[in-house]
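Presented sequentially are two complexes of chain A, the first with chain B as partner and the second with chain C.
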Partner chain A sequence: MKVIECTDLTKSYLRKRVLDQLTFSIEENKITGLIGRNGAGKTTLLKIIAGYIKQTSGEMSVFSQKPFNSLLVSAHSIFVDDQMSFPSPLQLHEILDAAGSFYPNWNMPLAKRLFDYFSFDPKHYHNRLSKGKTSTFNSIIGLAARAPLTIFDEPTTGMDAAVRKDFYRALLKDYLAYPRTIILSSHHLEEIEDLLEDVLLLKDGKNHLHVSIEELKEWAIGFKGAEEALMNWTKDTKVYYKNQIGRNTVYAVVKNVFSEQELQQAKAENIEITAVCPSDLCIYLTGETKGGIDDVFVDR
Partner chain B sequence: MSLLTVNTAEIVKKQFLFKLKANIDAFSSLVWIQLLAILFSLGGVASQGSHSDGLSISIKYFSSDVVIAFTMIWGLVTAITITTRPYRYFDFSFVTNRITSSLSNIIYLFTASVLGGVTAMLAKGLLIIIGYLFLDFQLLDFYSQSFHVRDFMIGTIAAVLYIFFISSIGYFIGTLVQVSRLFIVGIPVLFIGSMFLDGMMQREPMAMKTLQFYFMETSLFIFIVKVFISTALFFAASISMLNRMEVRK
Partner chain C sequence: MLNTDGTKPIYVQIADWLETEIMNGHFQPDEKVYSQYQLADMYTINPATAAKGLNLLVDENILYKKRGLGMFVTENAKERIIQKRKNQTLKRLIEEVVLEAKRLQMDEMELIDMIKAVQFEGGES
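== the complex of A and B ==
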């Protein structure tokens, strides 16, 4: 069953198109990573899914309903980010109680154990928490709610490395215990790639790539060798990334369309062949320009 | 995956209970506002005196109307407050849609009005006791000061309805401001402008006529009908505007 179906989704703010004719669908009980550069439209997309904002045109259906103003979608989904707000007179344990009263699948023992593990004080207030602690607390709510559709929009903002690792592990463990559809947006693909099944790559508000993480790992290939030798191999395909290493050595990333035989031949021509790790690939795929940050400083 | 059906009434009830807890500050400010109003009332609303040949009589009139007026202002402010961005966003951290959010707000405002109205009516008793014990008042016309159940009931119902009515206006104004910030300037300009216009044209001010329409009504039943219809209109208009509004954009 498809939990989210989205066709030709467009969202504009004034003159700027944030989402542009976006089409994709997400299957039930999959963990999907939503990847894209800053301003690619990730948060906007997630907020439309959660029913917070309305698309300008196109169709969005969650649990076969339009999410905007749907009580069913709201009851079966949770949107977690660092902007989640709770009334200031409520203490943390009261917020957990309130969340428990709203979410039908709420798991209080899990919430309490995570709460203790990350050493929260039940009598503390949400608006007094530090940035990392806020993110951790919101993530506890997101996990314990056990909503059939759980959306994490950059949940690890401000968390330190140890907490980030713990959070991802907790997410995986609870997912195995209670499978559900999870969308995770993050800038740190290398941290979550072991967790993900699918990756949805957004670029300029468009669906750039929607593949499983295994496919993504083999999607591209890196050639390293003498420039002249490489030219033969890369002249017919699009080069996603090119970097000069040393005097006459070039590293280039192209789509993996070569047969085993061709690759053997390339090796014979002294070209080094490497896999491209998904997080690097995503940066190459979503790169705005051919060059890098170095080119900014070239003429100085 | 089985999706449970969601009961709207159940969600509204949960949100209402949540809001009672979340907006607890509003009730503590009610206490302070009413205490302040009682303090003002202790000065009396009118006085008269006469004296002749070594005898001097001074009569002061006291009224707890100020308490009700202050409570009405409190209702207005409370209603405007819960339409502001942070308060609307609280609901969206949990289960809600825009209709249930407004419905639970209305029930919350009604509860606040009942609490405000009843305490404002009881403030009269406190005023008399303070005057009698600490300020050495001699109660004239003792009979009228004593407690009539029927009068008290009618007074309380009227006070509650006034406050609820004012809070529906507050909710409406708050909603307009959420739709466009221009209304922050627009509403006072419209209000004061209409008074100036009425003054220039030498006619009875619109605002005055509106007040008379509600406040000079002698029949309790007709008053209830008037207030009920007006309140419903204000809330319906607010809900229809809020229902299209995006949150956390």
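== the complex of A and C ==
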């Protein structure tokens, strides 16, 4: 079953098109990573899915409903980010109690255990929490809500490395026990890639690539070797990234369309073959056409 | 625990690890192995990735599926793994070694002597 179906979705803010005829769908009970550069439209998309804002044109369907103004979508989904607002007079333990009355699948024991594990003070106030603590608290709400559609927009902002690791592990363990549809947006694909089943890569508000994480890992291949030797292998195909190393060595990333025998042949020609890790690949795929950072420092 | 530099897909690493467990005798023929959910929990990976690793071993007749019960070790799993590792993994390693020897302009005798020396050392310790 498809939980989210999105067709030709466009969202414009004044003159800027943030989402541009975006089409994709997400299956039930999968963990999908939403990846894209700053300003690619990730948050806008997630907010349309959650029903917070309305698209300019196109169709968005969540649980077969238009999410904007839908009580059904609100009751079955939760949107977690570092801007979540809670009534400021409430103490943290009161917020947990209140959350229980909003979410039908709310699990208080889980919320309490996570709350204690991350050493929160029940009498503390949400707006006095540090950046990392705010993210941690919001993520506890997101996990304990056990909403059939759980959306985390950059959930780990400000968390230290140990808390991030714990959060991802908690997310996976609770997902294994209570499978649900999860969308996770992050700038750190390398941190979340093991958790993901699928990856949706946004570029300029468009669906650039929507594949399983395993496909993404084998999508591209890196060749390293002498420039002339490499030319044979890269001349007929698009080179997504190229880097000159030393005098005559070149590293080039191309789509992996080669057979095992061809790769063996390349190795025999002294070309080093490497896998391209998903986070690097996403950077290459979403790269701007203005060259690399090195070009900024070229003397003119 | 897992090698995350991207050179080997996680599901292949999971399959390799299960193979090693079977080779070491931690799982006997007709014994049940870990489920995709147990593997996901053990390695903090998506259960779909773990399932892909298990299915790889089903395709190679190292595991078999019992509907609703899980995955079990086949009768000849151990022999199959040894055969496969000889024909594929070890062969590939040797190809690498031979290629590097060629780059270093070593002749056959020199290479074989080197292998013998390493094997001898291994036998001593």
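Points worth noting:
Convention: the second predicted complex is superposed on the first by the 298 of 300 C-alpha atoms of A that agree within 3 Å, B and C clash if a C-alpha of one lies under 4 Å from a C-alpha of the other, contacts with A are read in each partner's own complex, and residues count from 1 in each chain.
We adopt the following convention: a contact is a pair of C-beta atoms (placed from the backbone, for glycine too) under 8 Å apart; a residue touches a chain by one contact, two chains touch by 3 or more.
Keep in mind that what you see is a predicted model, and the values were worked out from it rather than measured.
By the touch criterion stated above, A:228 is placed in contact with neither chain B nor chain C.
In the superposition on chain A, no contact is made by A:269 with either chain B or chain C. By the document's definition of touching, neither partner reaches A:295: not chain B, not chain C.
With both structures placed on the common chain, the touch criterion links A:169 to chain C but leaves chain B unconnected.
In the superposition on chain A, A:90 makes contact with chain B only, not with chain C.
Between chain B and chain C, B contacts the larger number of chain A residues. Of the two partner chains, chain B is the only one touched by A:53; chain C is not. In the superposition on chain A, contact is made by A:148 with chain B only, not with chain C. Within chain A, not a single residue is touched by chain B in the first complex and by chain C in the second. Those residues of chain C whose C-beta lies close enough to touch chain A in the complex are 2, 4-11, 37, 40-41, 43-49, 52, 95, 99, 103.
Within the complex formed with chain C, the residues of chain A that make contact are 30-31, 168-169, 172-173, 176, 190, 194-197, 212-214, 217-218, 264, 267-268, 270, 274-278. Interface residues of chain A facing chain B in the complex, by the touch rule stated above, are 1, 3, 28-29, 47, 51-54, 63, 69-72, 74-76, 83-87, 89-90, 94, 98-99, 101-104, 148, 180.
Every residue of chain B that touches chain A in the complex is listed here, in rising order: 1, 3-6, 8, 11, 14, 17-18, 21-25, 86, 89-90, 92-100, 243-244, 246-249.
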